[in-house]
Amino acid sequence: MQIEFRLPSLGADMETATLTQWLKKPGDAVRRGEAIAVVETEKGLIDIECFDDATVAALVVAPGTKIAVGTVLAQLDAAGAAAKPAREPVSVAAPAGAGVTARPPAVPAAPAAPASAAAAARRSRLSPAARRRAHELGLAPEVLEQRAAGAILHVEDVERLAAVTAKATAPPLDARTAMRNVIGTAMARAKREIPHYYLGHTIDFGAARTWLQRYNAALPVQERLIEGLLLAKAVALAAARTEGFNGYFRDGRFERASAVHVGTAIALRGGGLVAPALLDADRKDLRTLMHEFSDLVGRVRAGHMRSSEFMAATITVTSLGEDGVETLYPIINPPQVAIVGTGRVTERPWVQDGSVSVRPLLTVTLAADHRVSDGRSGSRFLQAIAELLAAPEKL
Amino acid sequence: MEARDIRTRVLALLTAIAPDIEPATIDPARELRDQFDFDSMDRLHFAMAISEAFRIDIPEADYTQLGALQSACAYVQHRLGASARP
Amino acid sequence: MAEQTAAVSPGPSEHLNSGAATAAARMTYREAAREALRSALQADPRVFLMGEDVGRYGGCYAVTKGLLQEFGPERIRDTPLSESAFVGAGIGAAIGGMRPIVEIMTVNFSLLALDQILNNAATLCHMSGGQINVPLVIRMATGAGRQLAAQHSHSLEGWYAHIPGLRVLAPGTVDDARFMLAAALACPDPVLLFEHIFLYNMEGELSAGLAGVDIDHAAVRRPGRDVVLITYGGSVHKCLAAAEQLGAEGIDAAVLDLRTLRPLDDATIMDAVRRTRRAVIVDEGWRSGSLAAEITTRIVEQAFYDLDAPVARVCTAEVPLPYPKHLEDAALPSPARIIATIRQLLAKGEA
Amino acid sequence: MSAARTGAVTRERGLRLLREMLRIRCFEDRCVQLYGELKIRGFLHLCNGEEAVAVGAMQALEPADAVVSTYREHGHAIARGLALSPLMAEMYGKESGTSRGRGGSMHIFDASKRFYGGNAIVGGGLPLALGFALAQKLQRQSAVTACLFGDGAVAEGEFHESLNLAVLWRLPVLFLCENNLYAMGTAIERAEAQTDVSAKARVYGMAAASVDGMDVFAVEDAVREAVARVRDGAGPVLLELRTYRFRGHSMFDAQLYRDKAEVEAWQKKGPLITLTTRLKALGLMNEEDYQRLERESGAEVEAAVEFAERADWEPVAQLERFVYAEQARG
């Protein structure tokens, strides 16, 4: 019966050895317990014992070679010994002592971290660093905690929250400059961390504009819509239908958001921008959306912001309105993965079916996260917006 | 209604829909949009407030006349004059 | 046979390793430790080595193999199994003008010499009003991971780092294994050098042009922005492995090797904590009253307002180390446990 | 101490002692192979060559007596009556091992047989043995405590402290020094100014004798007589059992500290050869007896290996159990 004679492990921390000398040659008989070879280890020369009465068939490893524990050194012919059940050799890497039958139970990833003794009442908590940053930005921790609705606030959170509340509650001038650089750092970090790509698309806003004028003419002031709302609804529907623009990028991967909450950028007096969300903008009709949008802006102006609203946005729309330039290249609002920007609607020449005419044109731009989407899906997204705006009655 | 009354009421309406504007700093002749980032929603809110307060309907085309404080007051006076009430 | 004591002339008092700066070389931690001993013995006739089976047997972990043949039985002294006796003898010989290096086979046996180390070595200078100092170096293997079961797997660096009067070092790299000994010998006070048993077989690059290392500062082994892993000795490579894997997931973990456990290099520790605002301490000791506990307290005392999260600790489970591999692995700090701790630290939700 | 009274040398007694020694020899040879196959890990210290000490000593003890051993303990445990299967399972680290798999080769325990374990700290067992003997004395028990240790422990402070206290308090403890001439890599004459261990014991006023540790009859007779003395309350006794280990201190040992000729010389007067030569000379056994006993031992060891291979690992969830005693509830 053929036996593979392997280099045995001789010590708790012995991983390799160098064969220095064979004490037997092919054809020699070897008795149980007799040394068959000598190896050099960290501790010096050690005889290697054979555990079977056998004859040497072939020597596999030449003297002078360094080998790992478990390597086959020689082939032996067992002298008629009863065939021993071949037991699976344990590879050096395998956890030593892995028996044939019993598998060592998998080591759990980690003992569960001790649950905090009593789950703190849903009071949100400011980390010490966040508390100090809040102080620097002239923000009362209580206001921040009330805004954070139960989450743990870190430095970045304070900086984002400060971007809103400090402005809305008309803080003293120096805090406003502190506000300026807080938003600056948030933007800089987003620019640095998120690999942006940009796409622009000019569309004929004529259909939407005439539809809106006719729609508003029939209604009192209180029920009229504004152009920005049509855009928000179009973006919401397009985001719902195109993969990779609606959701968050966190812990190294994209989390697709199930609902579509469109962050609508509202310029704050004296600098700064917030983008509270129109919740489920893809599913609500224009009338309801307008009512919510109007209420949202009113509360921003009055400083009564709900933190959940501006933390909830899954995509953002930002516009320069009537007095801006034609094209706007926005920065993504982390952890979101896309933002749509629009410039001013301007009367410009437009070629259609070979003839040129003057049309109210709008340049819609997209800034998106290249880790999640790319130019091809980005342009499909912008074309969807254009098609939706071309049939405003269906919004 | 006296011009002075109209002005105080219109100013009150403006600060109601834009509490973050300091009334004393308003230049009546200049466009609100240029002074305070007065966007389309603000203008709509301003028009709604005036329409309710003075019970007058304001067609979209007239919005531009509400662009500055002074022109807004003049517009109201004009509209009230036209339908003067005791 | 009577021991002739060769005439021993006091060597140069300041003898930083005067060997020429080294060329870059790849060697094991064991070879670096052996080279350190050889150059120490060559550099100063007052240096001698004493310990169980350091001579004929070649050292329990083969670190001292060949030294007896090179330096002779007077300077490479096998001792009986009498830890208290030969450690105390080391203390006496150091005061008496020699520069002994005592090897205690493992920290597990050092408990038999703890009285000599604490009540004599660490205390004599202060107690004698500064008249006596103890320029002694004690080397010990430490740590677990080779299934040697409870009595042979202790990690008690934290005990010794508790004692004023001692300096405690944990060489975790080939460079430190090669050069910390010389700096320790140059120190007028007793220095304990802990060599983790897992490191002996570890191969590493000995930096080129290195003539010595300091024993006063921690070292950043890997820069990072999101969290710092504070560790030493046998856990350094575990932290680097964890940091590598986290890097692939966009989490940037720094690794700080303490190198000196007493005195702790507070300045470098706090600087690392301020940069990342999150700290995880990886210590093979049991957490209660551990080195990790001491460092956590210092961070809370000195960098409290720079923390974005509570300091976390990954220590050995509070059990005597069991023999079976799967239980020992579950008890010891591991890359998997380090990564899980960091993920939880960075989570936004409820702690 | 008078020369050991020699018990009768009969075929039954001879084969019984031979069988016990073969079971130990076969068990440990199999462990060497299993260590090479990574099935056994950690440190492994073998008593190959010292089987007569284990068997001779344990034959002379009563079940109620306490036994304290060292990390070179497989022979002591087997001779004391611990079953091979749980013993091999302990070598593997399996839950059905003698210590639930947690101790391994150096920490074998069996409270039911009053086998109070191996100890990996040299000399660590001596003070423990004093305690067992003190409890036996205070509770007026007739049981005694046997404390086994090697020549290495003689150099530890605990050797001095324990012998002194044992004599001072006339404790029923039997110190059995298994002197195999080497403390790991240091020969006794390079570690001890006085190498006659029994002479050291007499300095404390303790009865002591030196015995040929390779002659299992001599060991049994000497231990039987010493135990009788201790059980009578005459105070502690030390026996120095001169023996030799044929393999390294532990698995990873190049044995640089002794030469092969010395090992081979001792192997010619090993415990098995000494016993079989004498029994054959007296016509009390033949080669066929030897082959039968060796086959039986081999089969028993293989069964133990199968038991260990099939046995389960202790679940990780139980890692923290028994850090503190679990009082039998209810």
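In this document, chain identifiers A, B, C and D correspond to the written order of the chains, with residue numbering beginning at 1 in each.
Here is the rule we use: contacts are C-beta pairs under 8 Å (C-beta built on N, C-alpha and C of every residue); 3 or more make two chains touch, one makes a residue touch a chain.
Quantities reported herein were computed from a predicted structural model and do not represent experimental measurements.
Visitor: So which chains are sitting against subunit C and subunit D at once?
Guide: A
Visitor: Taking the mean of each chain's Cα atoms, which chain ends up nearest the overall Cα mean?
Guide: Here the chain at the core of the arrangement is C.
Visitor: Taking the mean of the CA coordinates per chain, how far is subunit A from subunit D in Å?
Guide: Between these chains, centre-to-centre, one finds 62 Å.
Visitor: Distance from the CA centroid of subunit A to that of subunit B, rounded to the nearest Å?
Guide: Roughly 47 Å separates the two chain centres.
Visitor: Whole-Å distance, subunit B centre to subunit D centre, using C-alpha means?
Guide: So the centroids are 105 Å from each other.
Visitor: Between subunit B and subunit C, what is the separation of their C-alpha centroids in Å?
Guide: 78
Visitor: Using the touch definition from the top, which residues of subunit A touch two or more other chains?
Guide: Within subunit A, residues 12-13, 43-44, 96-97, 104-105, 107-108 contact more than one other chain.
Visitor: Which residues belonging to subunit C are in contact with no fewer than two other chains?
Guide: In subunit C, the residues touching two or more other chains are 58, 146-148, 317, 324-326, 330.
Visitor: Chain adjacency by touch: line, ring, star, complete or other shape?
Guide: other
Visitor: Pull out all the chain pairs that touch, please.
Guide: A-B, A-C, A-D, C-D
Visitor: In the complex formed with subunit D, which residues of subunit C make contact?
Guide: By the definition above, subunit C touches subunit D via 52-53, 56-58, 60, 78-85, 108-109, 112, 146-152, 317-320, 322-327, 330-331.
Visitor: Going by the contact rule set out above, which residues of subunit A touch subunit C in the complex?
Guide: Subunit A reaches subunit C through residues 12-13, 15, 42-44, 95-97, 104-105, 107-111, 113, 116, 119-120, 127-132, 151-152, 154-155, 251-252.
Visitor: Along subunit A, where are the residues that touch subunit B in the complex?
Guide: Touching subunit B: residues 168, 170, 213, 216-217, 220-222, 224, 226-228, 266-269, 293-294, 297-298, 301-303, 321-323 of subunit A.
Visitor: For subunit D, which residues count as touching subunit C in their complex?
Guide: Residues in contact with subunit C: 41-43, 93-94, 101-104, 106-107, 119-124, 152-153, 155-157, 183-186, 190-192, 253-254, 256-257, 313-314, 316, 319-320, 323.
Visitor: Could you please specify the touching residues of subunit D with respect to subunit A in the complex?
Guide: 29, 32-33, 35-43, 92-94, 250-254, 256, 308-313, 315-316
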